[in-house]
Structures are given as structure tokens and as C-alpha cells.
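Each of the next two complexes has chain A plus one more chain, namely chain B in the first and chain C in the second.
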Partner chain A sequence: MNETVREVLRRIGLATFVSAVLGFFSLPLLWLAFAPFDADPGISASLPEFTLHNFQLLMDNPYALASLRNSVLLAVGTAALVVTAAALAAYALSRVRVPGRDALLYVLLLLSSIITGTAAMVPIFLLAFNLHLVDSRLGVILVLTGGLLPAAIFLLKDFTDATPTSYEEAARVFGASPLQILRHVVVPVIRPGLATVTVWTVAQVWGDFLMPFLLLRDPDKAPASVIMYTFYTEGGQPDLPLISTFSLLYSLPVVLMYLFVSRRYGFRFHGGIKR
Partner chain B sequence: MAPPTSPRADLGPPAPRDAGDDAAGLGRGRAAAFVAPALVLIAVFLVFPALWTLYLGTTDYRLTGIAASDPKFVGADNYGDVLGDGDFHRSLWLTLQFVVGSAVLGQTVLGFAIAWVMRDRRGLLRRLVEGLVLLAWILPGSVIAFLWIALLDRDGGTLNALLGTPGTAWLLDHPMACIVVFNIWRGTAFSMMLYGAAIGNVPPSHLETARLAGASTWQTLRDAVLPRIRGHVLTSLLLVSLWTFNDFTPFLITAGGPDGRSEIMSVYVYRTALGDGRLGFGAAISLIMILINLVIALLYLRALRDRSRKAAVA
Partner chain C sequence: MADITIRGLTKVYPGGVRALDALDLDVAEGEFFALLGPSGCGKTTLLRTIAGLETATDGTIRLAGSDVTRLPPGRRDVGMVFQDYALFPHINVLDNIAYPLRVKRAARADRYRRAKDAAGLLGLLGLDGRRPAELSGGQQQRVALARALVAEPRIFLLDEPLSNLDARLRLEARTQLKRLQLHLGVTTVFVTHDQAEALALADRIAVMEAGRIRQLGTPVEVFRRPANLFVAAFIGSTPMNLLPGTVRDASVTVAGARLPVPDDVRGEIPDGTDVVCGVRPEYLDFSEVPADPAGGAFGGTVSVIEHLGGSSLVTLDGEGGPVRVVVAEGSEPEPGTEGWAVPRPGRVLLYRDGELVTAAAPAMAPTIKDGGQG
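Entry: the complex of A and B
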């Protein structure tokens, strides 16, 4: 008898906890799900009077689409630089015996997790200022690359270490030059690692607010994260139809990337270095 | 770029001692050229700023005016000013509340609780819970920030509508509580996944034994689960503390206000250095923040080493 009562109470407790968790985590998201399709979106979440008109408003806004394009430029630029530099370094460190290479990687990884964009915003801003990289997309790309590289090298070196050298040796026997071996043998073998690092970098840059906020002045160059912020902090009443559709469009790539990665590779984003 | 050629790499097979190592015949010269671009980028954009802070913090560098073009050496004045600044003390205290409240307690307890409750569930409910918690984690910070501003809005916010408390200005009345709860919401996913994996590694037979012995949930957790995941708890606590300490997202919600009542360290350094333009002063704060990060990171590495040593012994 007592057992049954306890079991029932336990179940009620569990159900309450799960409902509370569901409520807590879905509540802020409801607005994002409903407002974009509401003919007259308010600040509170409510079932929409369905329309797609808000997306028309989004297309007409001069900054919205341009900022998404800027986000793409920053993400692609950073990813290209990070993947190329990290792959070259990781391969060389994995295959050629360099004294102290493990200590080097260890120290770089440590540095990248303590010299965050937040902690080092003052010297980073002044460095960009003195190199004439303020208000330049290249400046943002270079600063972000510097911070992401250690973790990217670490990931890729792990990946390269785990692949056997026999393919490279075989190719060599057949007279392939080192660069040919890299291009035709090594790159295809470590491709999943390259894809992982690419997705990880794009995700980090896509959501990053601080660096472009700090380093870019011209609103025409600002990426979506910064434009989103100006949409609700500048100029009186926030334009809710615009903000809601923009939020949705800006969030979509991250969700798609996450689904793609977890389907394809069956692993999850790990936090890594948040800058 | 064309890497400098290494004679050994171009002239047939390498010396035998390298045979197992340098499989593609890269050679030392090319290897160095491969590592160089990454090292240069890291040196210039990561390591140099940190070292430069040491110098900048001893100048009266400003964003505008005479001190902008010709900064003077002021010695340890900035550090004295920072350490004596009432705003700094407040910011330190608020940061402690933020890190302990949202990361150490909030994210960890909630993340563990969700992982524990979901441990032997499959199917839709689990996917729904995990999906929502993860969504909070992966969506862009500036979108999330607006969602919370909308949720907590004084006039038409969803929370006031739900609680029947119209006109309550949560962000003005309880700014610290708001960003603490916000950050719990934002970051629980990491703890949930980490503890989910750790609980999955507890042998089912241990849990079964505890159940048959009639142990309560609390006893099971204490005696069967906690000893197995203790190493993960310490490392994850340090990791989420490090991330939370460096989080800038609260700026997007409260901007440190009202009257600096939610001005955690990351917002304080932004306001003094770039808002007020006192770059030398801000650099001194930057160095203090980097040192705090260093302490947390060193503790983390030590905990990691202890864990792997224990694993090696066990």
C-alpha cells in the first residue's frame, strides 16, 4: 500500500518536473515560432492569424538581407582560413617529428581558452585600430581565425593521427610527389575531419556578436548578429514583423547545420572555445 | 603560397630514420612552412594582444583626445584605480553571483536532473525535451536576447500575461535574477549532454542492485552514480564557469543596467574601455580577466590530469 502511494507520488513528481522543463524551455521560443506568421504580431506569443506578408517586409528592408550576406562572407572567409591553415599545420605536426609539438599544442589550446574576445577586447580593438583593420571585414576574419585556430588544429591533428600512413607510403612508392600525395590521398582521407572543422567554425562565426560589434563601424558591413541588435535597440518602437521574420531566417541555418551534423556524423556540437 | 622545397623531399626516398614518420616525404622545411601560417595568425591575433595588455595597462591610452595619439606611461596607476573602483567591486560581486548562480548551480543541477530523468526514456518525449534544450543553446545570441526581452516585456510580455502580473518590469526590478535565469536557460544543454553521457557509463547492474536493495533516488545518486561521475562534475563545473565568466550575451539584454545593477565583468570592461573611452584603464581590467581565466583553466587542466590518473589506476 505504502509502496503504491510512493510510486504514484514519484510519477506525479516526475511528470511535474518534465512539464516544468518543457514549459521553461519552450516559453521564450514560442514567440519565434508564431510571430513571423502573424498578421499583427505583438510582443507576447499568441496563435497567429496566418500570413506571409511579414517576409515581404523583410525583403524590402535594406539592411536585413545585406547583413545575412555579410554573415555569410565572415563565416566563409573565416572557415576557409581556419580550415586551410589548421589542416596544413595539423598534417605537418602529425606526420613530421617536431620537438615539443605536444607541449606547443597544449599551450596554444590553453591560450585560446583564456584569451577570449571578452577578456581581451581592449587589446584586440587597439591592435585592429593600429593595423587599420577597424571597419574591415578582413579584420574581423583575422581576429576570429586567431582565436579558433588552436582548437581546429587540435581537432584535425587528432583526426590525422588516427588515419594510417599506408596510403601515403603506397602513393610514394608509385612516385607521387609530396604535394600530389597531399591533394589526392591525404585530403580525401581526412575529409570528414575537414567537414567537422568547417561546420564548427561557421557555427561559431555565425552567432558571434562581440567581434563585429567591436570592430565594424559601417552598418552596411555589419553581419546579422549586429543588425539584429540594432533592430531592437535603435529608434523607438521595435518593428516586430521585421524582427520576427529576420530572427527566423537568421536562426534557420544554425538549426539546419545542427541537424545535418547530428544525422551525418552522429555527434553533437561541443562547446569549444566561445569567443 | 609555394612552400620552400626541401631537397630531401624532392630527391627520392628519405633517410631511413624518418621512414615511419614522414609518410608523404614532406621534409622538415616543408613541414615548417605548413605550420607557419597558422602560427603567425595565432601569434599576431591571439598571443600578441594578451602580451600587449601588460603594456597598455600601464598607459593612459584613451579613445579620443591627446592621450589617444600620445599615451603616457602611468605605471601601476590603472591597477590601483581599478582595484579601488567601487564599480569594479560591484561588478566582481555581480559576476560571482552570475557564475555561481547560473553556471555552477543552475545549469549543472538542471542539466543533471534532466539527464537523470531522461536516462531510460526513448522516443518522442525525450527527443522533444532534448531538442528544446539544445535549441536554446545553438540559436544565435542576439536572437535569443530579443526573445527574452519580449518574454519579460513590461507591457505585453508573455510572462506577465501568463502570471497575470501586467506592468511588472522584470528587467528593471530584478535585472540580475533575469540574466541568471536567462543563462540557465541558455547553457543547460552542455551539462545535460555531459551528464547524460556520464550516467550512461554507470553500469546498469549497479543501478539495478540499488533498486532491488530498496534505495531511494537520493541514496542511489549518492552511492551508485556520484562516485562514478565525480571526475566529470569538477571538470564541467570549471568549464561552464570559464564560459559563463566570458559571456557577453547579458549585454544584449540589460546592457548592464539599470544603473549598473547587472553590470558583470564582461559588460564593465566594455563600458569603461569603449563606452567611456578609457582604454588604458580597460586594458588593466582585461589583464585581470585574463588572469582569472588562467586560474580557472589551470584548475581545469589539473582536474583533468587527476581524472586520467585515477582512470589509469582503476
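Entry: the complex of A and C
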């Protein structure tokens, strides 16, 4: 009897705990889902007084949609650079023996968090200024690439390390050139890794505030993360109709990209190597 | 004309490991050649150096008369099967088989036709559209073979082609491999650590140890007359009896028995020389009747009987250590009884300083040994 009571109490306790945690994480999401459609959005999640007027407000804002386009430009540019450079570097690092290779990688990884962080804000700005890269999207892309590259190399090197060299040796014996080996064998085999790094890079750039805020002067070039920061009413209060609607539009592309990539590339090939 | 000619081939890995040591080797056209040895003996390095996947530190490799020592693998006209098969996981069976032709820029129709021919030759029809992961181990091995032969290479290199198959399938694949090689008549070098596989498949075997060839010969030669104690101990599924003894008055005192020195080497060995007497368990006859030790028989107590299927391996504990004899099915003795092992005429080999004593001058370089009396 005592056993049963204890079991019931244990289950009740567990359910309460899980509900609390679930509530903690789902309330902001509920707000994100409801507030944009509410005629008078507050900071609490409540069933909306349904309207699409907030979206009309957003369309009228001169910077909102352009900033999303800017975000896409920055994210795509950075992802292209990061994935290409990281794939080549990871492949080389995993196949060629360089003395101190692992130490180099760890040091880069450690320093990379500084590059895009607040600590290096001033030197980065001065560097960009002297290179005439202030207020240029290219400047932001280059700085972000530099910051993300070490972690991307690290991630991809894991994939290339896990790829047996005999795939490449087989291609070599049959006469494939290094570029053919890369195109026919290595890239397809590590494609899940490339997809992972692409998604990760896009998400990082999409959410990054500091670098574009620091390096871009012209609000026409500012990405969504920076523009959202400007949505205040004349009274200095957050413009909640605008912010909530914009937040929804801002978060959708990343979710969609994740779903697409996970469906398209989220599988791994197995077999062909007898273990 | 020799198809593969290797002279003074040396491979030293960074870090100083000498995997191949001034190795000479000739493989004839159309020959099925085995590189056999324990792991770390350099056999795989030798195969990979022939393929061009490792660069030689010193020496030359000639394939079909032309020096390929410095050529990249793709220009050596070799086909290779890897131990792990290395089938490309993201393309189907037919595309895998056709890959060498794709690299050689054969027309699409032509390359699929030839890939289908190769698939048919290896009994892979109907599996065209599958991915490697959807094939059994035996099918993967055959796809790897088909891919290696589709471009009709001059040399066929196989790295432990059967080692990843389970025991039963291995025998089947072995027969199929031999049939295929006979059918194609292409010069084939294969690496194995399994002496039974080498004996069964090869026209000739090179037994390797520490980057050198310790014996080169046909399976029969290597089995009947191992050129040195290393080969003697390595070859044979039941290990050879190797017993220390001393030569005196044209006979060998060994393990309490006196064996006559074999006719062909009588007079070659001075009295008092320490030798090792080698005789295979298959070449000993078991007798329960007391045999005269002076007439050449090893006496002892039957201690262990191991069933091998059609025969049994009987261990006799004698005064010179254990002696193993193969006994036909049905005539096994009881453990604990006394027995004698009588060598068959001409089957006793004598080794001096680790090398086989032969009729000619003591063999210095086993690689230039000819057929002998095998």
C-alpha cells in the first residue's frame, strides 16, 4: 500500500516538474505565436483579439523588410565563405600530418570566440576602418567568417576524420585527380557535415547583433537583428505590435531552413566500408 | 616476360620504420601471386607501393616493362580491391562499378554497358540500383572486384580480399576468385595473412617477414620444403614438428631417436653440428607397435587428441618434447598409451642456423632457390 502511495506521489511530482519546465519554455513561444495577431499586444501571452493590422504596420515601416533582405545577404555570404574555406581546411588538416595540428586548432577555436565578441570590439572596428570596410556588408561578412571559421573547421574535421581514406585511395587508383576526388567522393560523403555547418553558420549570422551594429552605419544596410533594436515608440516605449510581428517574420526563415535541410540532407550514408 | 619487376625496393616510413628492405621480386604475366606473412611484415606496404599509394624510398618498380616508380597510381594501369572494399556509399552499384570508366571519360552508354558486363561476370545482375549499404558482405566484395576489373587493368591488386567474409562464404568466394582469375588470365597480386588461402589460390607465394621475402615458390615447394625455420613454422594449418638435434655418423640424434641424414644432404653436414629437424605431422605415421628408435621413430605417450574432421592430430609427449602426428579417422589411439611416430622417407628436413640444408651449397639466398625436389 505504502509502495503504491509513494509511486503515485513520485509520478505527481514528476508531472508537476515537467509541466513547470514546459511552461517556462513554451510561454515565450506562445507569445510569439499570439502577439503578432493581437490588436493590443502586451508582454504576456493571451488569446488574441484577432487582427492582421500589425502586419500592415510592419509593411509600412521603411526598414523592416529591407533588413530581412540584408540579413539574408549577410547569412548567405558568410555561410558560402565559411563552408568552402572550412571544408578545404578540414580536409587538408585531416589528411596531411602537420606538427602541432591539434594544438593549432584548439588555439584558433579559443581565440575565435574573442574575434566576434565584445573584447575585440575596438580593434576590429579600427581594423575595418583602416581597410575601408566600415559600413560595408563585405566587412561584416569577412569579420563574421573569421570568427566562425575555427569552429566550422573543428566540426567538419570530425566528419572528414570519420571518412575512411580508402574511399579516396580507391578513386586515386582509378585515376581520379585531386579535384575529382573532392567532387566525386569527399564532398558527397561529408555532405551531412556540410549541411550541418551551413545551418549553424546561417543561424549564427542571423542572430548576430554586435558586428553589424558596430560596422554598419547606414540603416539601409542593417540586418534584422539590428533593426529590431530601433522599434520604439516616440515615447521611448517598445513598439510591441511592430516587435512581435517582426520577431515572427525574423524567426521563421531559420526554422524553415532547419526543417528543409534536415529533410534534404539530414541523413547519413552508411556502408560500402566493411568494418 | 615478367609483368612486374621489382628491384631493390625499400620503403622507410617517417619515423624510421623500414617496411620494405631492398626487395627483389618478379611476377610473370598471368600469374596469380600471393604475398603472405604475419601482420607488420610489409606485405600490404609492398602491394600499396606497387599500386602507387605509397612512394618508394629506393628501388624501382616496372610494370610490363615500363618504369612506374614515380608515376601516380592512376597512370599505372592497375585495378585494386581494398580490404574494406571502399565502395562509394552515395552512388549505386552500377555507378560504383562504372566509376573507373567515368574518370577515364568513357561515353555514358559505353561505360554502363561495360559495367553491366562486369556485373554479369560476377553474378551481380539485378543489384544495379542498390546502394552499397543494401548489399551483403559477399556482394560488396564482388562489386569491389567488378569495379577493379571493369577498366581491364593490366595488373590486378587485391588487399586481403577474403578476410572480411565469414568462414563459410570465404571458401565459396575463394573458389570464385580462382575461377575468375583463370578466366581473365590477368596478372594478379594478392595479400593475405592466411597461409591456407595463399596455398589454395596462388600459383606462387612470397612468404615475407620484416620487409624481406623469406621464401619464394609454388605452394607445393613452400609447403613441402620450407626454406627456413620462419617459413616452416608459418606454413601449414597443423604446425610442423621442429626438434633440435645433433648430427653424428650420418645420422641425427633428435628427441631420443636416431634418424638417418637424408640422402641428398649426406656429407653436407659435419659431425657434431647442431641442427633442427623438421617434419610435418602429415608426413609422420603413427604406430602402436614399438618401433626401433635407431630406425628413426619418435616414441612417447599419447597426451592430446584433436579432431580435425577427416583425421585427428595426436600429440606424443616424448623425451625431446611433444611430437604431433596426423592419424587417419578411426585409428586414433587412446590417451595415455605408448606410441611411435615414424617419418615417411624423404620427408625429414634439416635446418642449420635457421636455414634448410639443401643438396647444393648451403642456401644463402632463398629467393633464388629453384624447384628442389618438391
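The rule is simple: the second predicted complex is superposed on the first by the 203 of 275 C-alpha atoms of A that agree within 3 Å, B and C clash if a C-alpha of one lies under 4 Å from a C-alpha of the other, contacts with A are read in each partner's own complex, and residues count from 1 in each chain.
FYI, a residue touches a chain if its C-beta (ideal position, glycine included) is under 8 Å from a C-beta of that chain, and two chains touch if they have at least 3 such contacts.
Everything numeric here is computed off the predicted structure, so don't read it as measured data.
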After the superposition on A, what does A:99 contact: first (chain B), second (chain C), both or neither?
neither
Output check: A:174 vs chain B and chain C. Expected answer is one of first, second, both, neither. What do you get?
second
After the superposition on A, what does A:110 contact: first (chain B), second (chain C), both or neither?
first
When the two structures are laid over each other on chain A, which of chain B and chain C touches more residues of chain A?
B
When the two structures are overlaid on chain A, which partner does A:62 contact: first (chain B), second (chain C), both, or neither?
neither
For A:189, is the partner it touches chain B (first), chain C (second), both, or none of the two (neither)?
second
Common interface residues of chain A with chain B and chain C?
97, 169, 171-172, 177, 185, 269, 271, 274
Could you please specify the touching residues of chain A with respect to chain C in the complex?
97, 164, 166-167, 169-177, 180, 184-185, 188-189, 191, 269-275
Inside the complex, what are the residues of chain C that reach chain A?
14, 51-53, 72-75, 78-80, 82-91, 99-100, 102-104, 131-135, 137, 140-141, 147, 151, 164
Where on chain A does chain B make contact in their complex?
10, 14, 17-18, 21-22, 24-32, 42-45, 81, 84-86, 88-89, 91-93, 95-98, 108, 110-127, 142-143, 145-147, 149-150, 153, 165, 168-169, 171-172, 177-178, 181-182, 185-186, 203, 206-207, 209-210, 214, 224-226, 228-229, 231-232, 243, 247, 250-251, 254-255, 258, 268-269, 271, 274
For the complex, give me every residue of chain B touching chain A.
9-10, 18, 20-28, 30-32, 34-35, 37-39, 41-42, 44-50, 52-53, 56, 61, 110, 113-114, 117, 125, 128-129, 132-136, 138-151, 153, 155-162, 185, 190, 193, 217, 239, 242-243, 246-249, 252, 266, 269-270, 273-274, 279, 282-283, 285-286, 289-290, 292-294, 297, 301
